[in-house]
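Next come the structures, one after another.
Heads up, the next two complexes both have chain A, just with different partners, chain B and then chain C.
On to the complex of A and B.
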């Protein structure tokens, strides 16, 4: 009797999840295939179909299982890997090297990424110009498109951009999942303010030098994208800095701590996005009446965004990237996705479904191009 | 008040949903609008500055750009001038440049493209040194350091 009830409950839940996934299936079909699937290239067709299925299976499972982070992470990590793979492959085809030359700089041919945005603001305000050697509107990763994508995602998701839209975050998210238990358990949580210091430093130095100093000197993701050709002591020093930061903050520390240390301790855009958490309607809420203060959520948070004090106060901090790890960790469902204005502990399912639809849709469409291209290329390499 | 807050929150959340749905189909048009904003142009320190004048030869064109001295609040004391050779650039380039258009040649630049060697001869005390001399997709480009 119990078993049949369980099965019928699961069946009901299955159909409910499928119904909930239907709009995502239709929208992603339109965006991924452009509404007119072209099956003339079998590799492209397989890649396209695989990504379409993967995206929708992940979204379905999020609803069906009630878990968020594990399915989000699959697409998020895949996005980071695919974007780097596609970018490196393109550069090797065009330039035969991952490094860019002085000519690329002079001709403003450097692909733009959202990490430049914090450095652009002061020069744009005072000199009415952009301090990045990229293309304003034409070509791959142009400045205008990236600005539009980032502004919209930031208004809608706040710091959620760091877990649902950033094509670099998947690197340290991936490495933070390598070990089952952390080797380093305690890091002073004051370090989480470091991105604000980095933000201040790079914003001022970029304004004074009129150069994107973070990209020039600090960005660890040059390791997996592109970097200045080593032709002098200065360019060798720059390479040393970004390789060390990548090794330390993106690989070693995430493995040792099970936290996203680059996002927590360095990224200046993360600091800007933290401030935008005040605008977004979506948030993570703590229902103090249901909370047993086990603090599993504090332990699970990959960004040091949640402290015991926050849990006791029933509020998450501005550092929250809405990745869903804390929500998944809470057996009492005391911590949950919410919408501003709706009291904690109420309309949980509605709030979660609306947030997941918005955030997952953004990630699915934003990431699909890079993942399809990577898969298509890998298929061609293998067969 | 509580109800108003709830309705406000849900309305804002639904507006965000609509924003995300229209973002990707409208991306080209939104980007084009953003690109027309007054600050959406590359800083001359990176783009090399506006073309001041050009000299057309048989097979190639020489572009002399405006000297760039710009800073955050005011012009700086040091800057550069960029010159571009476009088209079928000869193996050895030798050009004398009057960057400030006062009728006097300010420097002479000799580029040996095969050996990637560039020599600069300054005739004006404001001309300092060669910053960059590099092949480009359109020919060759050089930046020469200037002081005010």
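On to the complex of A and C.
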């Protein structure tokens, strides 16, 4: 009797999840295939179909299992690795090198990346100039499309952009999952203000020099995208900084701490996105009446966004990226996705479903191109 | 001059974090409104400006006397940058006991008229690693006017933080500003460490 009830409950849940996934299936089909699927190239067809299935199975499982982070992370990490793979492959094909030359800079051939945005604001406001050597409206990763995408995503998701849209975040997210238990458990909470210090420095220095100083000197992801050709002691020092930051903050520390240390301690865009958490309608709420203060959520948070004091006060900090790890860790469902204005502990399902639909759809559309291209290329290489 | 401004901006924020709360009551206590506050603050900043002007001149003349050839001009400042940058990082985020605000001495002075001037004097001569770095920079500039420019940008960068002093009482997130200031100083230290290394290696490689 119990078993049959359980099976019928699961069946009901299955159909409910499938129904919930239908709009996602239709929209992602339109975006991934462009509305007119072309199966003339078998590799492309396999890649398209695989990504379409992957995206929708992940979304279905999120609803069916009630867990968020593990399924989000699959697509998020794949996105990061695929984008770097695609970029590097393109550069090797076109330039035969991962480094860019002065000519590439002068011809504005550098693909735009959202990390430049905090440095663009002051120079754009005062001089009406864009300080990045990329194309404004044409070509791959042009400035206007990336800025519009970022603004839209940030207004809607707040710092959720860092866990649902950033094509670099998957790197340290991936490495933070390598070990089951952290080697380094405690880090001084002072460090979580570092992205604001970096933001202050790079925004002002960019305004003064009219150069994207973060990209020039600090971006660890230059290691897995493109960098200035090493022709002098200065460019060698820059390459050294990129490699050190990538090795330290994207690989070693995430493995040792099980936290996303690059996102927590360096990224200036993360600081801007943290501020945007104040305006987004979506948030993570703590139902103090249901909370048993086990603090598993604090331990789970990959961005040092949640402290015991926050839990006791019943609210998460502005650093929250809405990845869902804390929500999954709470057995009492005391911490949950919420909408501002709706009290904690109420409309949990509705809030989660609405947030997941918006955030996952954004990630699915944004990431699918890079993943399809990577898969297609890998299939060609293998067969 | 960007690095001088960055150094000023970052060390200014940390300076305000450590000294602001000591200086604020003495600059503002008993003041009769905005005019008095503006006069006190102007005296304080003017004193700092004069001291930096003198330091820029002295640093450049000493630099001319000491750094006589191009090899020394690259290698010695490179080493100095690294040493002072390490000190700056340690000073800002080191676990050791942090030095107190040098302006605390002024709190013993009774004559209130001289307090802003004395505060400016003590604040600008409070030998911290950031000042050592800017002294090194001033000493290695090609011309005296370049040395002045380095100190001027350092002065502007560090002074920006003192301008909101009259509003200090209304700032709620003082702890957050202090934390960001401390980290920005550490970051400036790292920037100068890299600059020092680049100078040093460049000096050795290029002879």
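Here is the rule we use: the second predicted complex is superposed on the first by the 383 of 383 C-alpha atoms of A that agree within 3 Å, B and C clash if a C-alpha of one lies under 4 Å from a C-alpha of the other, contacts with A are read in each partner's own complex, and residues count from 1 in each chain.
Rule of thumb we're sticking to: a residue touches a chain if its C-beta (ideal position, glycine included) is under 8 Å from a C-beta of that chain, and two chains touch if they have at least 3 such contacts.
None of these values were measured; they are calculated from a predicted model.
Trainee: Return first, second, both or neither, reflecting whether A:7 touches chain B, chain C, both chains, or no partner chain.
Mentor: After superposition on chain A, A:7 lies in contact with neither partner.
Trainee: Identify the partner contact of A:156: answer first if only chain B is touched, second if only chain C is, both if each is, neither if none is.
Mentor: Touch partner of A:156: chain B, not chain C.
Trainee: Quick one: classify A:22 as touching chain B (first), chain C (second), both or neither.
Mentor: In the superposition, A:22 contacts neither chain B nor chain C.
Trainee: Determine, under the contact definition given at the top, whether A:53 touches first (chain B), second (chain C), both, or neither.
Mentor: neither
Trainee: Taking the superposition on A as described, I'd like to know which of chain B and chain C A:208 touches: first, second, both or neither.
Mentor: Once the two structures are laid over each other on A, A:208 reaches both partners.
Trainee: Can A:198 be said to touch chain B (first), chain C (second), both, or neither?
Mentor: second
Trainee: Does chain B (first) or chain C (second) touch A:234, or do both, or does neither?
Mentor: second
Trainee: Using the superposition on A, tell me which residues of chain A are in contact with chain B and, in the other complex, with chain C.
Mentor: 208
Trainee: Mind pulling up the chain A residues that touch chain C in the complex?
Mentor: Those in contact with chain C are residues 190-191, 193-194, 196-198, 200-201, 204-205, 208-209, 217, 232-234, 237, 241.
Trainee: Under the definition above, what is the set of chain C residues touching chain A in their complex?
Mentor: Within the complex, chain C touches chain A at residues 2, 5-6, 9-10, 13, 93, 176, 179-184, 186-188, 191, 194, 197-198, 201-202, 205.
Trainee: What residues on chain A touch chain B, complex-wise?
Mentor: Residues 27, 31, 101-103, 105-108, 122-134, 136-137, 142-145, 147-149, 152, 155-156, 207-208, 210-211, 280-282, 339-343, 351, 354-355, 357-358, 361-362, 365 of chain A touch chain B in their complex.
Trainee: Mind pulling up the chain B residues that touch chain A in the complex?
Mentor: By the definition above, chain B touches chain A via 2, 5-10, 12-14, 16-17, 19-21, 23-24, 27-28, 30-32, 34-35, 38-48, 70-73, 82, 132, 134-138, 141, 143.
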